[in-house]
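In the two complexes that follow, chain A is the common piece, with chain B as its partner first and chain C second.
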Partner chain A sequence: MSSQAQAPPIDLVLDEYTGAPRRGFRLLIGLCWVFVALVAFLAVFGERVAADAYGQDLATGISTPSVSHPLGTDDLGRDVLSRVIVGARTAVVGPAVITLGAGLLGGALGLLAGYRGGWSDNVILRWVDLMFALPGHLVAIVVVGVLGGGYWLAVAVLILLSSPSDTRLIRAATLEQRPRPYIEAARVLGLPGRRIAAQHVLPNLLPLIIASVFLGFAYALLAMTALSFLGLGVGPGTADWGRMLAESRRLIFHNPAAALAPGAMIVVTAASMNLVGDWLAERLSDRGRAQ
Partner chain B sequence: MQRSQLLAFVGRRLAGLALLLCIISFGVFSLVHLVPGSAEQVLISGRRPPSPERVEAIRERYRLDESFWSQYTHWVRRAAVGDFGLSIRTGEPVARALRERAAPTLFLGVYAWILVVSVGIPLGVLAAVKKRTAIDRAAVAMSVAGVSAPAFVTGIFLLYIFAVVLGWFPAFGQGSGFAGRLQHLTLPALALALTGIAPVLRFTRTGMLETLEQDYIVFARARGLSRARVLFGYGLRNALIPVITAGGLLLGILLTGAVLVEVTFSIPGLGNLLIEAVNFHDIPVVQGVAMMTATLVIMVNLATDVLYMFIDPRIRFGQVAA
Partner chain C sequence: MTRTSKVGGRDEEVARGAGPALLDVRGLRITSRIGGRRRVIVSGMDLALSPGETVGIVGESGSGKSMTARAILGLLPPGLFAQGTVHYEGRNLLELPERALARMRGADIGLILQDPYTMLNPLLRCGRHIEDTLRQRDKSWRGRRAHRDEALRRLEEVGISDPSVADRYPFQLSGGMRQRVGIAAALARDPKILVADEPTTALDVTTQKESLALLKSLQSTRAMGLILITHDLRIAFSMCDRVYVLYAGSLLEVGTAEAVEAEPLHPYTLGLLLSEPPATRRVSRLVAIDGTVSAADDVADRCAFAPRCKWKQEPCERGKPPLADLEGARQSACVRIDEIRGEIGELRRAAERPAEPVGVLAPARPLARVENVRKVFEGRAGRAGIDGVQALAGVSLEIGEGESVALVGESGSGKTTLGRCLVGLETPTSGGITIDGVTASDYGALSVQERRRLRRTVQMIFQDPYTSLNPAHSIGFTLREALRVGPEGTHDLDGSASELLERVGLPAAYLARKPVALSGGERQRVAIARALAVRPQLMVCDEPVSALDVSVQAQILNLFKRLRGELGVAYLFISHDLAVVRQVVDRVYVLHRGEVVESGPVDEILDDPHHPYTARLVASVPRSDRDWLSGQP
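Moving on, here comes the complex of A and B:
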């Protein structure tokens, strides 16, 4: 379902033979971090930076980029740059909640399946297999659409649909930890299973979880913007990157920037998150190996 | 012994897929009861109050007086022969709408699939063979971009470059005749293919890198076999196994991508039909599209398994992985 979760590593960061960081990569990752920070800043303070995302100016109507409107205006005379800036909020809040929710739900199930084993593992695995067999995005489109649409409904459905990839990830990592001596030691001490799982296994999975948060965010961002693009997420007229793209699609001959700017924001944000996630995954797993 | 194991493997997969189809059909049927409002209200367009006869006919048609289970079995029996009832929006049979809308989607999907396979796999091989060079880096960068760019954004950028700036391709519509279709659907297929190429390229590259380090490759080269023979006969054949298992993943990407791309380029295909139906709460049409997609997913899963068996003798000869 989540393409990132299943795709093999790409050895982008560290040279697969020498293990040294690749030249020029530090700069790229640095730029990604800066961009992620910028988007996060705009998500919080966007409405103060760009005050007029909703003010219409029907007399002006659609216009190409100019000094007063660096990215031009859309068909209702609204300033595209302001809308792109304000749109950072819906692009960050929903995916962040999805990543957190799916991580908590999926992670708990994965830990349970991996540590307890037995019938709970069996039941949870069947559930994960079923979810992986379905085309997740399409299920989201149908369920969100049939239930009437809306931003938070989309968030809830996507939490449910993206949690299985977290379950699979955490389960596999937990199984890897189980035979290690420190678990055995904790069991000999007579600690209850729940405490071993939460206080001994979980901290050892932290590097993996941190890396997957970034990859999961990129996935959630693409899913949310797709739903908004299809008219199933935020309401009409909202300054949201997916929605703006959909509404400016037909303006491409008149003011291309109105459609291209939100599109570029989606891609650059997702790519930054993916690169930072890959970088963290390689870096953190490498540190674990060195110890 | 071998044959019976093979049959057991196929049987288990078939049973699993049949169960999956049952679960999906149950979920799809339940959509009628999931929509806010009563089932009659959902199934009759709500512009003017319906006559008592209409309500009665709908109750009869969907067996709404009977139990949920009996409604479901009745619906499944009709769905199995392609009868999903009448569209609420247009009043015409859902099956006819599905037939009319299937052609552009099929054309688009096959076109994109050909592009994915003919670009993704060779590029993955090239990246693995030319590892640590600029070609490899470029291929990897392209796969990162492909994973991060949803089909509708790629579509808008292609639309801008090739239809607005260069004017090489038409911006919207589906065209008529094969040549017209090809011209109209090239940009949408390209947008769809670019999202599919990324995972195929990654899987091929990783598979190829791992395979080329195996002893049998060294041995084949030591025997003096030609470079092409070693690379394709020994390397690629083994490297393709993970690529084929990713077939289901690719289908998921292409299906979602097709919906997004059809909306982006205003192509009157199944994806647009689904979005129109979903926005109108035209449940019979949604059910029809969903069941058609589910059947496709299951058939591709089955084909993937069979292909997997043909390509990997370890599956045929005993070591059956669950």
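Moving on, here comes the complex of A and C:
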């Protein structure tokens, strides 16, 4: 039997055998980390770094990048760089709360469904199926729009909408843990189900959870900025990347930097989060642990 | 053990490897490079194979035996590199380009793996596998019909006379049949060398014997060179002309099968031979090799066996001892072999001690009683036409206090299901289970007190020590958790946990370790300690040593024996391995297709089986002599 050499699955960034970043991509992962850290820092201290995000200067009006305004100003004469910096807060806080909330809600349901099985599994699965049948973005737009918009409302709706995918993920992973001998050994010892789920199943799902947190964050960031872009998130004039993107669209020929900067921030933040999440998942998985 | 019936007419020259070598491996060294760090996996491997010869590469896990085979075939996984020479027909295979190697594999050198499932494409019918290979051999080959006829002939050659098998998919066949198809496919291009990597490890004992006999007969009728890779010394001795003993990446001993078996010339080989539990008699204590297998990389610069050798002296660690020639075409890598030969020989002979009689069984007070238990696994709900699978068809048995009872059978016999019913991991469809006065047929229906009492009475040891401990928690966490459930209460958990570890022969320092840092044998000890934490009266042990290396298996069996003596705990030993069973139990129940076909004291059943199935099981236990394979089942 001649065995053909199998073509390994191709991952451009991570080595398929060791899970380590490929040569040349180590730097990329590093840069992603730095960027993620930077955005997180700005989310906390942004207002101190750039205090005049709302300072209008109608006399100057719109201007292209200069020494005093590295990214120029918008039509109301506000410093674009400061607004981008301050905008990190709404870009991070909302998605973080969504990821956390969806993770807690969805994860708890997934654990319950996977470990208990029976009717609780049935009920939870129906709920997940229903949510998956709905077009998520559309529902978010309609619900938030009908209820009058607002940042925290959008966050709440997105928590509900993105929790089912966490439920599905955790349920599948729990089902896979359940027949393992260490779980059965705990059952034979007579440990209560709650304890087994929390102490024996959950810790082994940690790598999965961490990876899904990063991926979920990227998704939530896109969803939140989309809602803001449509005017359904933060109020008008707020320094928020989605909102800025919407309001500066018309400035593309007058000050391109004002129109492009918020968009670039969204894309690079989401991409960095994705890559970092992927890398972490590989590191924490069994394959990575074997190193 | 009588060896009078050895096959006498064996070609002496071939046995000595004196003929022109078909395959000549010299100085093979395999290293891995991961993350810039180099590790030795195998070093200094020499091997010669003559036409028509069978050589065995024997080793435990981590010895590098499989990687050696893969290196010969040019099939090392990525990240692993081979140096040295592998000469075949005047060419060094290690230097051949991949294309030439690919042409050679299958045509000149065939390969059989542990599970043929991994070699057979699940989407192709069995006949196609052979036909495709035939077509590759001879592109100009006649029409479709001829291929088909040839494929059927090949299947018949491996003992499959039913032509409909050719039209079935691999997953529709049993493990043994699949392995036969795998063998037929590997031989379709008539290779001169066949490499068989643990070809029967995944099979049941009776199937194992049949497959080995088939392999042996094919090898001799075709005068093929066969390299058999196995962890089982008995199989190597019964199949091979010469054996190579590999340990932690180093070749320790080479010789003819008879000579090595009769007079091992390396402390490790001796240890292996001694730790093999004899199937024919019970010994009071198995001679185990202390410690665990070292990583090849850690012992690359000294005698690989030094960390476990009781004859170790200063010169042993002064560099890697070379394989030195001894008389009778034998080689040993022990530097002190001349000094310790006498001692080794004596120990080897002492191992053939007479049997230890199993003590007369005092009728024990019954602890657990299983009455007419049936278990049917339901088919997929709502799907018509799929009946449930009956795993247990009315089984009754009894375990007395402090008694050790075995449940013996092959896969599919229902033995594991019964064990799981006893500890409440499955609920019987009908029938009764009583343990220590509590009705345990349905754990879910018990009161909290009763359930707690049961949990403290029965515990379970699982087969695979690599998955029976939670990788996320330290040993201390695992043991403290179990202790909290037990009757002793929660004061001084750490002290009790250390005591438990000591009881199973591990230092208290292990409390802080995670399972990853432990070897298989150590993990199994911890699993036993966890079960002991609740002071059970009965331990259900589901194949507790079958995943362990021979040298470690003996340690764990000794531990089971000792614990029974110290604590008076009863065992239900679930196993397919009669040699193991012989060492630890008083009574045996033989399970076949969900029914007990025979039961009684272990000596009676194993020495004089009445039921034909039991007789077949007994005959399937591997023995070191060549008669084992030729004898009728």
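List of remarks:
Definition applied: the second predicted complex is superposed on the first by the 267 of 291 C-alpha atoms of A that agree within 3 Å, B and C clash if a C-alpha of one lies under 4 Å from a C-alpha of the other, contacts with A are read in each partner's own complex, and residues count from 1 in each chain.
What we mean here is this: a contact is a pair of C-beta atoms (placed from the backbone, for glycine too) under 8 Å apart; a residue touches a chain by one contact, two chains touch by 3 or more.
Just so you know, these numbers come straight off a predicted model, no measurement behind them.
Comparing chain C and chain B on the residues of chain A they touch gives the larger count to B. Of the two partner chains, neither chain B nor chain C is touched by A:Val93. Touch criterion met: A:Pro135 reaches chain B, while chain C stays clear of it. Looking at the shared chain after the overlay, A:Leu245 reaches chain B, while chain C stays out of its contact range. By the touch criterion defined above, A:Val267 reaches chain B but does not reach chain C.
Of the two partner chains placed by the overlay, only chain C lies in contact with A:Arg187; chain B stays clear of it. Looking at the shared chain after the overlay, A:Asn204 reaches chain C, while chain B stays out of its contact range. When the shared chain is aligned, no partner comes close enough to touch A:Leu284: not chain B, not chain C. Judged by the document's definition of touching, chain A residues 1, 3-4, 8, 17 lie at the interface with chain B and also at the interface with chain C.
Of all residues in chain A, those touching chain C in their complex are 1-5, 8, 17-18, 20, 180-191, 199-200, 203-204, 206, 289, 291.
Those residues of chain A that touch chain B in the complex are listed here as 1, 3-4, 6-12, 15-17, 130, 133-138, 141-143, 145-148, 218, 222, 225-226, 229-232, 245-246, 249, 252-253, 256, 259-260, 263-264, 266-267, 270-271, 273-275, 278.
Those residues of chain C that touch chain A in the shared complex are 34-35, 75, 78-79, 98, 102-103, 105-107, 110-111, 119, 129, 133, 136, 185-186, 188, 423-425, 451-452, 455, 458-460, 462-464, 467-473, 481-482, 485, 516, 527, 530, 534.
Chain B meets chain A in the complex at residues 20, 23-24, 31, 34-36, 131-132, 140, 143-145, 147-150, 152-153, 156-157, 159-160, 163-164, 171, 198-199, 202-203, 205-206, 209, 242, 246, 248-249, 251-253, 255-256, 259-260, 263-264, 274-275, 278-279, 281, 283, 286, 290, 293, 297, 301.
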